[in-house]
Amino acid sequence: MLTPPAALLSLLFTSGNAVPKKDVSKVLGCNHEDLSKAISVLHESLEGTGLAVIETEADLELRTAPEAMEIVQKFRESEVSKDLGKAGLETLAAIAYRTGSTRGEIDWIRGVNSSASLRTLLLRGLIEGKEDPSDKRRIRYSITTEALAYLGVTKVEQLPRFDELSKESEQVVLETSKNEEVRSST
Amino acid sequence: MDTLSRKTGFSIKTPSYEGPFEVALDLIEARKLLVNELALASITDDYIQHVRRQEAFPVEETANFIQIAATLILIKSKSLIPDLVLTEEENADVEDLKNRLMIYERIRNASRELSSIFGKQIMISAGQKKPVPFFAPARDLSANALTDALARILEAREEVEQLPEARVKPMVTIEEMMNELAARVQKAINISFKEFSGTAKEKVDVIVSFLALLELVKQGAVAAEQFEIYGDIRISHTDTGMPRY
Amino acid sequence: MLTPPAALLSLLFTSGNAVPKKDVSKVLGCNHEDLSKAISVLHESLEGTGLAVIETEADLELRTAPEAMEIVQKFRESEVSKDLGKAGLETLAAIAYRTGSTRGEIDWIRGVNSSASLRTLLLRGLIEGKEDPSDKRRIRYSITTEALAYLGVTKVEQLPRFDELSKESEQVVLETSKNEEVRSST
């Protein structure tokens, strides 16, 4: 079993953003006082670890410690100055030539999982994701105008061999729906 | 069984029939034996029975099943007719089968271990911080690089779809092997018959298994022929009287 | 000043993804050995905290500890874990226990065609394929941090009966490949 501070840490870690204390209390099944105790133990145990809990009146959030700012900054810079690489270029291409692709569709076109590449492209401002109006859990991706400008075009249709490659991608995605049927029937 | 294959007519994507090693290992495990020649000799008949009962194999795997059945027959014949001397190559086949079954057994055990823990205690990933994107293009990013990347994956997909699935090729053609084996077993039986009188039951046993195998080979030959003709089509079942739903 | 394990933790937290070890080394300005040391110290210091570092040959990723799954799932909408079929598990086992890493090897071990299983594992991000540096046409598959996370272990060596099921089989493969050589030379 996890101790209350450990349970708290794992909750904050997975939520990513600030979390209302009252939600945490509810999940942990503890009262305000117990939570305060857990928070202060966690504070202490995080000392010197590179992480820290930010506490406001109502919320809790896990962040990197202030001492880590410099190294984190350096890391971020190195991450965004890296080449996109094969995976990154493939993922961006799949989106550029087929605006509104979902992650599943990109995965299917590439034959491998694309979540990590999508995150990187989002962070670098090369793509953006929007909720599908008909299904809010589904995110549809498109290339950003900045990225297009960088590529020297004003719209995706001006990309080389656009008609041919976008049509082919479309066909591949059509297979997906067939494949989904297959998978769900097993 | 694979309901899917009946529906769509192809099942290469999700083979749920038992593979040739799986069948052999199931039979050995059911007898609580270890993988060795004694165990292999003891499963021979059941293995052949199993293969005969199976009316729907992916065609390309029929050859594998028969190859293994033939090696099992060899092992069994040898255990019943001590005079049967195996060639170096045949001995190698026997060793090969034993080795591969042992390796497969380990992997199957490993996969059972994995199955007992998979998804039970998932270690969950970090929550998505709302990203603060700032525009950071890369040196390797250009319109042409994108075009190439997409063209490459689309092309690779086509290749995958056009390539026939890998087949494990039998060492020699089945007919060759069977003809030779038939002659040898016959000869060995003659020798045995001349030199000492084993029980008739044993000899009958060999012959019965052998005939069963010959029948299989015939079936397999038909299947193999079909596979040649429809070489590029990835059909997975010989067309048999399997019930359709 | 941050200790190396603390710096490492802050980087892994910042990334939120699997991070290549070589990227980490570069940012921390340390060699392979120093990194290994930092990793093992971090492993230990995370014990009981609700977090854990998953390590593959190439990557590191920070995740919740296996024990935290229950509480975390209470908090967020449950993550459904679709089971892998028998074929998928066997293929994953062949890769995880390092018995086979090319498609040919895996086919050979299982006695059946594994391309469909490989495709499923790739799409789910449980394995990844990389070109063999010595033969570019050959793809070698390896297990991902995602797969280890689903198995609830921080490295392959922690898989059940790892020593028994991996080393021995390697021996057999060796013996067999010797046999193969003998045969092909006759």
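Here are a few things to note about the model shown:
Order of writing sets the labels: A, B and C. Residues in every chain begin at 1.
Here is the rule we go by: contacts are C-beta pairs under 8 Å (C-beta built on N, C-alpha and C of every residue); 3 or more make two chains touch, one makes a residue touch a chain.
The structure presented is a predicted model; accordingly, all values stated were derived computationally and were not measured.
Among the other chains, the CA centroid farthest from that of chain A is the one of B. Measuring from the average of all protein CA coordinates, the nearest chain centre is that of C.
Each chain gets one centre point, the mean of its Cα atoms, and the points for chain B and chain C are 28 Å apart. If you average the Cα atoms of chain A and of chain C, the two centres end up 21 Å apart.
Each chain gets a centre from the mean of its Cα atoms; for chain A and chain B, those two points are 42 Å apart. Residue positions of chain B with contacts to 2 or more other chains are 13-14, 16, 124-129. Shared contact sites, meaning residues of chain C that touch two or more other chains, fall at 13, 16-17, 62, 64-65, 67-68, 72, 85. Those residues of chain C whose C-beta lies close enough to touch chain A in the complex are 1-3, 5-11, 13-18, 23, 26-28, 45, 48-51, 62, 64-65, 67-68, 71-72, 74-76, 85, 119, 122-125, 128-129, 146. Residue ranges of chain C in contact with chain B, taken from their complex: 13, 16-17, 52, 54, 61-69, 72, 79, 81, 83-87, 89-90, 92-94, 96-97, 99, 103-104, 107-113, 115-116, 148-154, 159-161, 165-166, 168-169, 172-173, 175-176, 179, 182-183, 186. Interface residues of chain B facing chain A in the complex, by the touch rule stated above, are 2-4, 7-8, 13-14, 16, 124-131, 133-147, 149-154, 156-157, 160.
In the complex of the two chains, the chain A residues touching chain B come out as 10, 13-17, 80-86, 88-90, 92-94, 96-97, 109-111, 119, 122-126, 144, 146-147, 150-153, 159-161, 165, 168-169, 172, 182, 185-186.
Taken together, the chain B residues at the contact with chain C in this complex read 12-16, 19-22, 58, 60-61, 64, 88-89, 92, 95-96, 99-100, 102-104, 106-129, 165-166, 168.
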